[in-house]
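Below you'll find the structure I mean.
All chains are identified by letter, namely A, B, C and D, in their written order; residue positions are counted from 1 within each chain.
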Amino acid sequence: MLRVAVAGGAGYIGGELLRLLLGHPRVDVALATSDSLAGRRVDGPHPNLRGRTDLTFVRHGELADRQGSYDVLFLALPHKKTMGAMAGYLDLARTVIDLSGDFRLRDPEVYARYYGTAHTAPELLGGFTTGLPEQHRDALRTSDRISVPGCMATAGMLAVQPLADAGLLDGEVTVDARTGSSGSGVSAGEANLHAERSGAMRLFAPAGHRHEAEVAQASGLPVRMTATGVEAVRGVQVLCGVRLAGGAGGSEVRAAYRKAYEGERFVRLVAYRRGAYRLPEPKILSGSNYCDVGFAVGDGGRATLVGALDNLVKGGAGNAVQCLNVRFGWPEDTGLEFFGLHPN
Amino acid sequence: MLRVAVAGGAGYIGGELLRLLLGHPRVDVALATSDSLAGRRVDGPHPNLRGRTDLTFVRHGELADRQGSYDVLFLALPHKKTMGAMAGYLDLARTVIDLSGDFRLRDPEVYARYYGTAHTAPELLGGFTTGLPEQHRDALRTSDRISVPGCMATAGMLAVQPLADAGLLDGEVTVDARTGSSGSGVSAGEANLHAERSGAMRLFAPAGHRHEAEVAQASGLPVRMTATGVEAVRGVQVLCGVRLAGGAGGSEVRAAYRKAYEGERFVRLVAYRRGAYRLPEPKILSGSNYCDVGFAVGDGGRATLVGALDNLVKGGAGNAVQCLNVRFGWPEDTGLEFFGLHPN
Amino acid sequence: MLRVAVAGGAGYIGGELLRLLLGHPRVDVALATSDSLAGRRVDGPHPNLRGRTDLTFVRHGELADRQGSYDVLFLALPHKKTMGAMAGYLDLARTVIDLSGDFRLRDPEVYARYYGTAHTAPELLGGFTTGLPEQHRDALRTSDRISVPGCMATAGMLAVQPLADAGLLDGEVTVDARTGSSGSGVSAGEANLHAERSGAMRLFAPAGHRHEAEVAQASGLPVRMTATGVEAVRGVQVLCGVRLAGGAGGSEVRAAYRKAYEGERFVRLVAYRRGAYRLPEPKILSGSNYCDVGFAVGDGGRATLVGALDNLVKGGAGNAVQCLNVRFGWPEDTGLEFFGLHPN
Amino acid sequence: MLRVAVAGGAGYIGGELLRLLLGHPRVDVALATSDSLAGRRVDGPHPNLRGRTDLTFVRHGELADRQGSYDVLFLALPHKKTMGAMAGYLDLARTVIDLSGDFRLRDPEVYARYYGTAHTAPELLGGFTTGLPEQHRDALRTSDRISVPGCMATAGMLAVQPLADAGLLDGEVTVDARTGSSGSGVSAGEANLHAERSGAMRLFAPAGHRHEAEVAQASGLPVRMTATGVEAVRGVQVLCGVRLAGGAGGSEVRAAYRKAYEGERFVRLVAYRRGAYRLPEPKILSGSNYCDVGFAVGDGGRATLVGALDNLVKGGAGNAVQCLNVRFGWPEDTGLEFFGLHPN
């Protein structure tokens, strides 16, 4: 059994990591840290884990004290706070899988522009592999520094990249992202009270969302993203407006997706003629590690590419576990078998 | 025009008072207080008021400084903090309408039991009239100290009282109350984040909810209330389990309600044979001052009485405005004409 | 009092017309038609009207039988079924206000392309005025044939038109529309069951939505619209991606909106720096006749224009009543005073 | 591998059976029937199964034609239609697990009273074992005729039975049940459209709900149940009001539950002092086979017992699969390992 530690286990991503890792047949959870909840049971903030674990949180400092008791370190810590401490983390565990935003962008200037602060460990940026197996599987097999992409970025990259790689896209990509409330985290403030957030269509990022930079970095194309909070707890959907190059149409798009995702366990092509679920719909993906991808071709060479996922699973913790599976040569869906629910 | 002041104007009840009072044709809103938002526009925390008012909040201390500039003082301040300051408020305005819980219970011992603290102004308790026009209209016509009942209590009292008054009830009343999230207020904590509260069936008061005492006080019957937060922003529904006295059945119950509520503008008897809305449903009452009341008679002399209302309107601010209308002899629905929406 | 008839009174738009017209101080509702519910009370399918009316539905054929008993005829009938009968309706009442899609597009070829069938009364198309007072007020003052625009089109036109008129837009407009479930109507099928539709992000129109043609017709610009059903009963929000012409930026955009909407009672410019409601949010507009309009300017001359409204009010019945008010010279907000609710 | 057939595979319970059985490591799904969807892919009405199966529906008549190709027959057919055909089903498969209501009540007179029609196969009633392993495990190990209880009944029985068995209850049990919309099934009508059902508190069964009879049958106590549809797709919660016998209090109640559920894999005692999840909450149970049980003791010997579950899993398909596991001697959680999600 591989021993893993989860740093930042009290948040939503941390809880989802614990859910998946506690159910993973090849992994033992050695410790989970939370300064604010140290000494308290893990199933306090994560009541879905009742009956499955007696683990208690330890203080964050225990990571260093108990070096050697874990092989893999998952970091579910806040953006901007992770980068400064990363050098230390890399000493603690053989493999580090980071879920913060701090090592997603390779160019420190881009980081500074999108995060509003200078990167404090730019020398480490190049050492991280993007934790998206569908696009970086070979590198992930041997990588011990993995940076898991943002939830909306993951959906966007999985929707856009096959067409970008096939040379089917021309010009700017617009990404209209919609997201549930869990993406704001457990420490979100008054604006995320139920009475304020319920039923909302809150355009919280009309321009310049950080995940935009990740899609641009991956695709090499100019990207414009807006992000709106809609009524859901889990779930991200992106609508990517693109211009198809060279007269390409639906059959070329379909072929490119098929080629890219043939044999992929967690990406399904969802582009049917009719039905309520003919295009990717996050509500049936909750808890699953799927990213459904679809498209619709309009007039004049324009197309809408669609991606949907559970922001805490394929958009975060599930993707991280998938990377773990790739890294250690296990079947990629180990611990990630859940189908998703319908109706839900 | 009557001049009114709203103390505690930044909360949800305060905002609803402002919505109703700004639309009331016989009233001028002279000032609204909020220490935390003093100097800020009223339509900041209450964005539905944009375009309707340029009012800004003033510090709470302005109530005293501007004595004489308002005739009626609405108090939308926290429970337990209102009672100590009440004597002062009574000096400031001719008419005081209190929406806190502090003057709802006439017996200070009952208050202490339900609020967990001794009442600090017990000598004032007797001077307040219960702000429920359907049951205290005559007294309200001349009362200048009005205490508006709690939201679940209002629904419970309107459902129970006609039968209690008619001698149709025997023994204990059980009240199963369900409520939307706005009842928790704008300063609710982490447990009321959207991700935690959305879709919940949260039994937050399995016994001894404060509003239980109000229904007991009004009816003279023993009352047991449970309260559950369900998915809604606005809306309260109570199911009152009762035993009918002396062989009474559906026709007696119906007759008692009809007699009690004939001519009442804001209480509708809703007890039909079929249809999705055959019994009181809060979702079509949002924004309206209605309390719908209905019933179903079961076997063995048992019946379920049902009440539904918008907790911020008939369960709070709307009821307060209705009291104002009664007190000043205006048509009772002045400023309260809104029908409610369907679908909604 | 003006006498009005509502044809198609059992649907959601019909119900909303009845809610507004029954509360309108200058109007008497003479009759409401529904073949399927003839003889039944109007407050059956519209339970929010209980206590406000004893009206019963009559068969549709009564419209002809009772000619002369009403002055204005509101048509809330299905698309494609209205056009063939329009000539007859025009004979029945002096003023006809149509809420179907059949007379919104002036060009029968465009109609055929978007509705999938030839227009059967093309000779009447030219006689209708677009029922959007903010853009056609003068014509509406004397028009007796009014075609109320589609809900998403209304939001789109109000967001786009001031900039189009000011010459600030360059090239294609993309419209990402999100809508609540009431837009699908009361006779929607299995796909709109709660269990299927709840929490959805259903991209039901990835290209070519009918309302796209209305925005294009009004603006003279190429328009691409996608439409997604999100979790809400009421509410439409549109995000319009545009390219600003000639180096225009935020101040020019703001100035154009201010100029267009100065003095407008039902359009508010909502574009603040911070806060959960800094851009247009439909959830606080339910029941109101507002269309909030806002914007955000990004890099490179791109901007996102935002419009939000209640699809049944400003996106339908409320807009129709506003047209009525304009036509008969009444204050434009007569019967439309409701503020909207927060929280909601 | 055991071969199973699912009769009535197109509905919500049928779909949930397919989800669980397709993921079950000891089972092959031999066929799934649906007359209306015969020839269509199973992942059409159940889009969460995309990528997991290529199965297509067969006509219901195939059950007889393909006798011998399956060992176990799950019946997810409508109430009242199952009983007449049961004798035939019993000939087709060695083991029959029925999820309809037709074989839940042992007394045909009680059946007639609650279902409004005479039972047409009363001679078969006695042969069925109640499919609730926590209460009938020994019988289920050898039973080939299993009747899975109703969703609200399951929650009620698991909450009430330990105390009833321990002699801790005195007199009538009142059950206030709340349920999500999926319980109404995929063929629900207009009243279950999203616009009507969203945010509802619909008291659809103010008295005499069918599941009441099941709890009464199991407990031997008089039971009164009301049932309300609240906003959720999945989820049932019951609040059971009871009177404790002989001065029993919280410690006796807790002891009785502990004794009853010690070692139970799918029943957790959830009765904490604080926290948003201190009592059973269905929203974190979606997709899982848990039934959480809790309680709160009030004054005067009254207590509220609480049960919560996912109506399609522990309240239906999951419970049926658990019975299968018991019957065939497999670990009881085979195929039922999913934890549930938080937040959700």
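A few notes on this one:
As a working rule, a residue touches a chain if its C-beta (ideal position, glycine included) is under 8 Å from a C-beta of that chain, and two chains touch if they have at least 3 such contacts.
This one's a predicted model, so the numbers in the text were calculated from it and none came from an experiment.
Comparing the CA-atom centres of all chains against that of chain C, the greatest distance is found for D.
More inter-chain C-beta contacts link the pair A-C than the other of B-C and A-C.
Rounded to whole angstrom units, the spacing between the C-alpha centres of chain C and chain D is 45. Mean C-alpha positions place chain A and chain C at a centre distance of 39 Å.
Here the CA centre of chain B is 35 Å from the CA centre of chain C.
Multi-chain contact residues of chain C, defined as those touching 2 or more other chains: 12, 181-182, 195-199, 231, 233, 275, 281, 343-344.
If you check the complex, the residues on chain D that touch chain B are 174, 176, 178, 191, 195-204, 206-208, 224, 226, 228, 230-232, 235, 237, 239, 241, 275-276, 279-283, 296-299, 302, 304, 306, 308, 343-344. Residue ranges of chain D in contact with chain A, taken from their complex: 12, 15, 19, 22-23, 44, 46-52, 182, 233-234, 268, 270, 275, 277, 281, 284, 286-288, 290, 337-344. Those residues of chain C that touch chain D in the complex are listed here as 12, 180-182, 184, 186-188, 190, 192-199, 231, 233.
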